[in-house]
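Pasting a structure below so you can have a look.
In order of appearance the chains are A, B, C and D, and numbering begins at 1 in each one.
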Amino acid sequence: MVNKRGLLTFASNPVIASTGVTVGPLEMKKSPFSKYADKNYDDERCGLKTNEQGHAKMMEDACMIALSKLDKTPSDAEFVLMGDLVNEMTPSNFAASTIGIPYLGMFSACATSVSSLLMAALLTESGMAELVVAGSSSQHNAIERQFRYPVQYGSQKGATAQWTVSAAGVATIIPHIEGAPIITCGTIGIVTDLGLTDPLNMGAAMAPAAADTFKRHLEGHGSTVEDYDLIMTGDLGKIGFELFKTLLDRWEYDVSSVFRDAGAEYYGKHPEFLAGASGSGCSASAYFTEVYDKLLSGTYKRVLLIATGSLMSPLSYQQGDTIPCIAHAVEIQMK
Amino acid sequence: MLSIFITSFIVGGLICVIGQLMMDVGKLTPAHTLCTLVVAGSILDGFGLYEPLIDFAGTGATIPITSFGNALTHGALAEAEKHGIIGVLTGMFEVTSSGISAAIIFGFVASLVFKSKGTI
Amino acid sequence: MAIRKILLLVFILVLLTGCSTSVGFKTVNTTDIDEQQAETLLKEDKRIKNAVMLIHDDRLIAGLRVNTFERFSKRKIAKELSKELKKMYPDLKITVSADSKVLLETNKLIEQENEQNYVKQMKKISALVKEET
Amino acid sequence: MDEKKYQQLEQQITPKPKYLKNCIAAFLVGGFICFIGQFVALFYISYFDFTERTASNPTVATMIFISMLLTGFGYYKKIAQVGGAGSAVPITGFGNAMISAAIEHRSEGYVLGVGGNMFKLAGSVILYGVFSAFVVALIKTVLVGLGVVSW
């Protein structure tokens, strides 16, 4: 018997009606995903005083853009589900306070993009909601300063280090309509901790979580790798993605070119960014730009998105704890 | 006059290589590396070995952080020589204050003038 | 990129070699004390590359530059020579230092050839040497 | 998959640091910083009343000033990515640690932000410097008192 724990199936076929993505100046210049973005800023702080205020502003703008594409205002939306990585998710809280939609903070670290999407689909499925806004964001300076060092501090980063992106990605989820990508099913991840402790090598810590969720999703929903046009992980980065593929290879999955990683590709594999990108804005802004557009245009028919997150804090790793990681998967189809 | 430039370059560079090895091979964080080097500098001065190095290498020995430990110990020892055991406490910052005070002052000035930027 | 940096470095080093002046051994004596003894002492010490000595009034200042690898013990060398000079000239106030500042200042003083200045400047140099210990 | 096996796999796939390249870069960058420092020291020796020894104080202060400019304009980070310990070990790296923390935490105000966080990274260096100096000086003083060694 197949283990059904953590599996979600949406019979009512909720759809992603629109997306809104905002990116910072560096991403605009260097990221191949930014050409699909709706808005970019010349200033990392969006012209505001602090990084965190800029962070909230990015989030808020992304929500407004996603809603305006449906000709809706915030007062039409029933729920907003979003999160970020700053302490107590203050940027999301402030953004929610500005837009004034009933708000549930979501935290799965960098996997928030998928976890909020799944929760939004559930709300829609239950019939409690006609319009839910879901998304996540991150801002380089704010995250860097919280998890690592001051932005201007000179420390040599190894090949495993990842660059937190400044971006916000938001989607609106509504009950089924024709011509929009459908959220068919999903898998909630199990926290996986294989005892890695290096906070500058998070891709390696997250890879087993992604592999585990991937395996459970395929077994639970009875699909195979060939069913998908794209299987995209969130922010494993180059090294984590290698490990992920190696793990799948050992489990005898066919690791083909349908596998991609948003983090490794985020900055066009530029060597200056070392292992690639990370942050909760990374997967969100990649999924809701290129992947969503290609679903709409019909290039992709069925995709599996696995966002990964490392659930640590500066406190936990300084106290010598290991890095627990999670990965959530969502399957999106275009019919 | 010329050879001091060469010795400065080489000695300063070698101290940095030691630091790099501690970071790469020993897997220490930069903060741990710096602390270890400071302690090493102060122990070397305890044996009276750091001063000759400064004479030999000039800034090659005074600019690396090891000199910070050396200067603290040197100040403490100089005072201890004059006033006995109490001097260990009182003499500590006699010599070194310039590095710390400069860092404090310029740090404050910088916080007034600059804003942090996340460009690569 | 790295090659360019190294080239620049080599260039600077070559420039420096060109600029570095060696003063050799120089002695100026405005008194009628015999300076020969001191001069030979400095000249025969193989550890010393350059030396500038100024004897004026009741003071003797010697600025030394020692060989590169003797620099480790340059303080000791200066102390040793200072002791020996003291033995030779018990009446003079003697300052010997291997610090390049002393050499530079003494040399400057000699080149200015202004004898009224000597006493004041020599006091200053002695004070500088004392300050550093 | 158990922990040990995965950690072995991780070790295999994660690229090792390029030891030789990093060391050469650290040597060149660190050496160059000291080299610049020697120019500054020479300047102070030639034009002010500093001896080789006393010149190290103003030299250090000047190097930290240079470090402030490089940090503020965002260049120190780039130097550090290439130089590694070559930029962290010289006193300029100490300055960078304090200055970057001060710049970063200005948003929390001048007292709690700048004042409270300036020593966040550099504080440990000061602590261990002072404490080790205390211990070393104490031991030496006691040994001299016992007549084992001399000053």
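Heads up, the rule we're going with is that a residue touches a chain if its C-beta (ideal position, glycine included) is under 8 Å from a C-beta of that chain, and two chains touch if they have at least 3 such contacts.
In this text the structure is predicted, and so the values were computed from the model without any measurement.
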Chain closest to the middle [Cα centroid of all protein chains]: D
Selected interface, B-C versus A-D, where C-beta contact pairs are more numerous: A-D
Distance between chain centroids, defined by C-alpha means - subunit A, subunit C (Å): 70
Where subunit A and subunit D are represented by their mean Cα positions, the distance between them in whole Å: 38
Subunit B and subunit C: spacing of chain centres that average the CA atoms, whole Å: 28
Subunit B and subunit D, separation of their C-alpha mean positions in angstrom: 7
Multi-chain contact residues (two or more partners), subunit C: 100
Multi-chain contact sites of subunit B, meaning residues that touch two or more partners: 1, 4-5, 23, 30, 55, 114, 116-117, 119
For subunit A, residues contacting two or more additional chains: 51, 145, 150-152, 155-156
Touch relationships between chains, expressed as pairs: A-B, A-D, B-C, B-D, C-D
Residues on subunit B engaged by subunit A in the complex (per definition of touch): 23, 30, 114, 116-120
Subunit D-facing residues of subunit A, complex: 49-52, 145, 149-160, 194-196, 201, 204, 208, 239, 242-243, 246-247
Residues on subunit C engaged by subunit B in the complex (per definition of touch): 13, 16-17, 20-21, 65, 68-69, 71-75, 98, 100
In the complex, subunit C residues that touch subunit D: 2, 5-6, 9, 97, 99-102, 104, 124, 128-129, 131-132
Sites on subunit B touched by subunit D in the complex: 1, 4-5, 8-25, 30-31, 33-35, 37-39, 41-43, 45-46, 54-55, 57-60, 62-69, 72-73, 75-77, 80-81, 84-85, 87-89, 91-92, 98-104, 106-111, 113-117, 119
